[in-house]
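Common to both upcoming complexes is subunit A, partnered first by subunit B, then by subunit C.
Up next is the complex of A and B:
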């Protein structure tokens, strides 16, 4: 009899302290449950505990029940070994590292089957067919396939043993939006065909809202709210859930300011007493700070002393008009016919790209991986040479004052051996400015002045990105290039950084080139947008026009793929 | 596992600090180490006043070993430091500048690497009739190619990182990027490699003095002591065991400490 999976009283403890605190979870057969949370919320550790894959030094207690089998998790990973990969399967995030590079895909898919089935051509064909892959893939190695195809192979492998429950740990996060949609559709179809339970672990609220029957929200190792489908967000009771919902940038309109949650996600072991969210909550009182609330409720549950009630008025979001492109101003830089090919056999990374950026204007470039958007930025800033075309600047200033760049990963963008102050002072000197401005620069990006003495390792990801932005604006460049500046940040922190960028642009009058794969994010920042695909600009125009009436087929496809918006 | 590894600094620190005291203060601890006493001759360990016995010249084995610490340890430290300085300078240039300079320096390193260390040291010091410091110099040259390669690799790994690209975009000079930005991030690895090199050099130097090269006659040194006492092993086993043990313990302790440091730095790099 199939009764689904129940996880009760899960506690995960690491070397520094608690990682997951008293977690309960139930997935019915054929049901999709989404576990939503930001980094450090403990959602991945929950998946690892359920499959006995916890890293060294991390242990779990609690019970896992699958039908009539009850497993005491404190018995260690061996207790789960006869379920893992058989009745419980795990699909991981990165299809580039989760497959073995030296084995053919066919072998990897059937590795868990009995020896006589393992070599059966029919079996392999059937498995590939289920995930919509052609038969030839069986003889190919993972590196010969695209990311989306690899993830399908990984899915086929995790389905091979016909599991009752599939745990997907961010299974579509590493994929492009269009591929992501196909993958989610495939997952849904297979799940229905097999009446399989699906536990979907994701940081993407849109994916959860669109696909899940039940959503659980985790914060700092605790379950803070759970409920049915998108109700969890539309009628959020926990202030964190509401904050998460509001700080997720909308695609339909531009907001004057994104409602951000102040501060950043704490480590679960740092929270000693009281509600985990209290330090960042604007509803918190002394009670919240001294006593931890329990999860209460029947249909929907919430762990909060002062939950948001239905009658309470939802704060109205201030919708702004998209900023009209400033056609009157002179172009700051004009790119004409830029082309670049990395190796003679590779396709063009940039194919006759022309674009212009006007002084003080915010321009967005939207495209998926491999579209050439990053190559374009690197050519513009001089980190990359190009085969043909011209880049002409209308200003005659030193390189450092022309353009600066902010990268995606803030951790590797700062020199770990230098203090924040030294990093900023160096950038100021490069722009012939005085290093006494370090303090005002820190204030400008919303950091206290004592951060000057810290090293990057002592800062959170959002704070590091603020420093990276401060360094980029230090020489007062005329153009700021941001290459996916918020895609490695948590949603609540992403909103803070986007607000910061908008206010900097307003105050300093710097032009912005914002490169992203995320349409909703670019809408909040840019007034004009270029859509790139396969090294070409396929569409361009004012933000509102492109969004309202996309002309090119690819742009339309991109819009259709955005989940849950 | 974690707890056992965390003991390494203590386990290695105790013998290493005792040896450091021997190196720095042997002239005060054992001022008469080389004093000969023909009348005593060879005695077994445990003879009155001689814990480890004496050699055929009546010198106290224990005192001799304490006095021999400095020539056994100072040379290897100089070798490791010298070869790392060459490694940092050439490795950084090769790694950051790339192109023909990298090719040239890498080929030079490959060439040196192809030479058998002990054999070349034997031939060169034998040919130019050199003493201790010539041996040290030869070993610096022979140790440097691995350091050049190691530093070059680490520099290349850093060069691709966004913080270096940001420095380039700020228009900083190449010298500043190399020595102010890249080098501090390479130094931790360089330091742990240097420690490992001290251990290797200690064994190499001891082997060379055992073969009669390196320190001059009469100068106390572990390797020399070992070779001098070979014939006495049946009359005084202490004369062989003590210097041999000292070489092994020192080399192993330094090696362990270097390994431990390397792991620590790697962990820190991951956490970043």
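Up next is the complex of A and C:
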């Protein structure tokens, strides 16, 4: 009899201490449960513990019940080995690494089937058909497929032994927005056809809100709130859930300031006593700081001493008018007919792109992977040559003072061997400015002066990105280019960085070119937007106009793909 | 009709990404590389200080007649390029000229020695692969285990110990003290030849095996940490299936390192040949450099370069076979 899956009293311990503390979870057959949290919340470790895939040095205790089978997780990974694949299966985040690059897709999908079925052409066709893939994929290698198709191959592989429970660990995070939606629809269809339970692990509140029957919110290794569907967010009881909800940028309007949660997510083992969220909570009192609250409630549960009640008035968020494009100002840089092809056989990376940025203006470029948005940025800053077209600057200053760039991943963008102070001093030298300005630069991006002596490894992801921004503005460029600057950050930190960018724009009067795949994010920053697809600019105009009445089919498709907003 | 068919067949054979085309292009590149190398090797004669003719006379009495005959024979009065083409034409036919030291042709001098060095290289290469690769895989699979830690520690000794020291130690223990293996010479052919090569091969293999062990271990550990391994485990693939996934992927970096090892072996036998008094090309090269026996030095240099270039070609072809990504790209 199929009674779904119950996880009780899960504790995961790593070399540094607790990673997940007393976690309970139940998934009904055919139900979708979303496990939501930021990085370090313990959500992925929970999935790994449930499949016996914990890394070396990490152990779990607790019980996993699947129908009538009860497994004591403290017996180690072998206890789960006869369930893996057959009854519980795991779908990983990155379709580019989760398949072996030198084996054919068909072979990988059918690896767990019996030798007879493995050879059957009908079987492999049926499996591919279930995930909407053509038969030829069986003979192809993963590198010959797009990200979305690879993730379908991975899905077909994880379903091969017909599991009752599928755990998706951020299964759509690495995909483009439009592909993401197709993948989620496919998952939903298959789940219904098979009456399979789905445990969806995600940091994306929109995805959880739109797809889940039940949502569990984790913070620093603990379950802080759970409830039915989107209720968890609309009637958030835990201040963290409310904070997470509010710091997720809206698509419908631009906010003067995003309500960010101060600080960053602590490591679960650093929290000694009291409520895990207390240090970042504006409602916390002494009680919160000394005693840890238990999860209480029936239909919806919350672990908080001072939960937000329904009658309590929610703080109204200040809606700003979109900044009107500054048509009056002179253009700072004009790109005309830019084209670039990387190899003779490849499609054009940039196809006759024209674009202008005026002094002090914030311009957004929106597009998916392969749209050419990053190539454009690299051409503009001089990191990349182009076949034809012109870039003309209206100012006559050294390159360092024309434009600077901030990349997506601050960890790899900062030199790990240099202190923050040395990094900033070097950037100041490039703009012929004095290194005594290091301190004021740090203050400008909201970091204390002591950080000058630290190295990047001693900083959180959000703080590293602040340093990267400080480094970029150090030579006083007229244009700041940001290539997906918040994509690798947690939602609560993302809001802090977006607020910082807006305040820098106001205070320094520099122009900004903001490149992103995320429409809601660009809405919060840019006044004018260009939409790119396959190397072409397909639509451009004032932010509000493009959002309210998208003209191009691709733009409409992009909007339709945004989940839960 | 028939020619149209064969034309189509040819187009197909040479189409982008086909193995035939890949091999043809790589062979052409290897050939070009060897031509450039041969030019440099030929130039050695003229880069050596002094009169080339006098250098070629060696220790014989210098008489005007002798000098003249050498100038005629080596076309030394012709323009440089003509000389080179003459020389290259001979080399292609296997004629490297005459040795200055021994009054025989270089080709005769080399023929026995090349075989011995090839045998020595092949023997120690086989030993290296047979020991280091399986141990590397086993250590990676059980990283942190007693096996891993002890073999890893031993490999540090293996990399660090100088070849001649290991050779002398083996000679002393197995040759003199236990008296199992011969201490000197290269045997009388057949089994006796291989019996004589055991200690030299082990000496050479000890350092290389340590290196190959480390490379194999690192490659397999890197593959084991890949997502596709976790994904395979989560789907319930058997241990054997996962091992085959991992090994197929790890083979790519391991094959590269083995190619390098073989190329190094062929040029790196000097110390061992000298230690064990083997008449291979390594010891011949050492002697020829001392006596400025230029034709022999040229021949050995070119030969070693050819072996290295052919090994690189073999590794490229192996790459093409095991890695579908290379197959797709063809060559850059």
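Going forward, the second predicted complex is superposed on the first by the 565 of 565 C-alpha atoms of A that agree within 3 Å, B and C clash if a C-alpha of one lies under 4 Å from a C-alpha of the other, contacts with A are read in each partner's own complex, and residues count from 1 in each chain.
Note that a contact is a pair of C-beta atoms (placed from the backbone, for glycine too) under 8 Å apart; a residue touches a chain by one contact, two chains touch by 3 or more.
Predicted model only: the values in this text are computed from it and were never measured.
Once the two complexes are overlaid on the shared chain, A:344 sits clear of subunit B and of subunit C alike. When the two complexes are overlaid on their common chain A, residue A:111 makes contact with subunit C while staying clear of subunit B.
Of the two partner chains placed around the shared chain by superposition, subunit B is the only one that A:399 touches, whereas subunit C remains out of contact.
Legend: residue contacts after superposition of the two complexes on their common chain; A:411 is shown touching subunit B, with no touch to subunit C. In the superposition on chain A, A:99 contacts subunit C only, with no contact to subunit B.
In the superposition on chain A, contact of A:89 is made with subunit C only, not with subunit B. Of the two partner chains placed by the overlay, only subunit C lies in contact with A:158; subunit B stays clear of it.
Shared interface residues of subunit A (contacting subunit B in one complex, subunit C in the other): 56.
Listing the residues of subunit A that touch subunit C in their complex gives 51-53, 56, 81, 84-86, 89-90, 92, 94, 97-103, 111-112, 141, 143-144, 154, 157-158, 160-161. Taken in their complex, subunit B has these residues touching subunit A: 1-2, 161-163, 165-172, 181, 184-185, 271-272. By the touch criterion given at the top, residues 15, 56-57, 381-383, 398-400, 403-405, 407, 409, 411-418, 426-427, 430-431, 456-457, 468, 471-472, 475 of subunit A touch subunit B in their complex. Residues 144, 226-228, 230-237, 241, 245, 248-249, 252, 322-325, 328 of subunit C touch subunit A in their complex.
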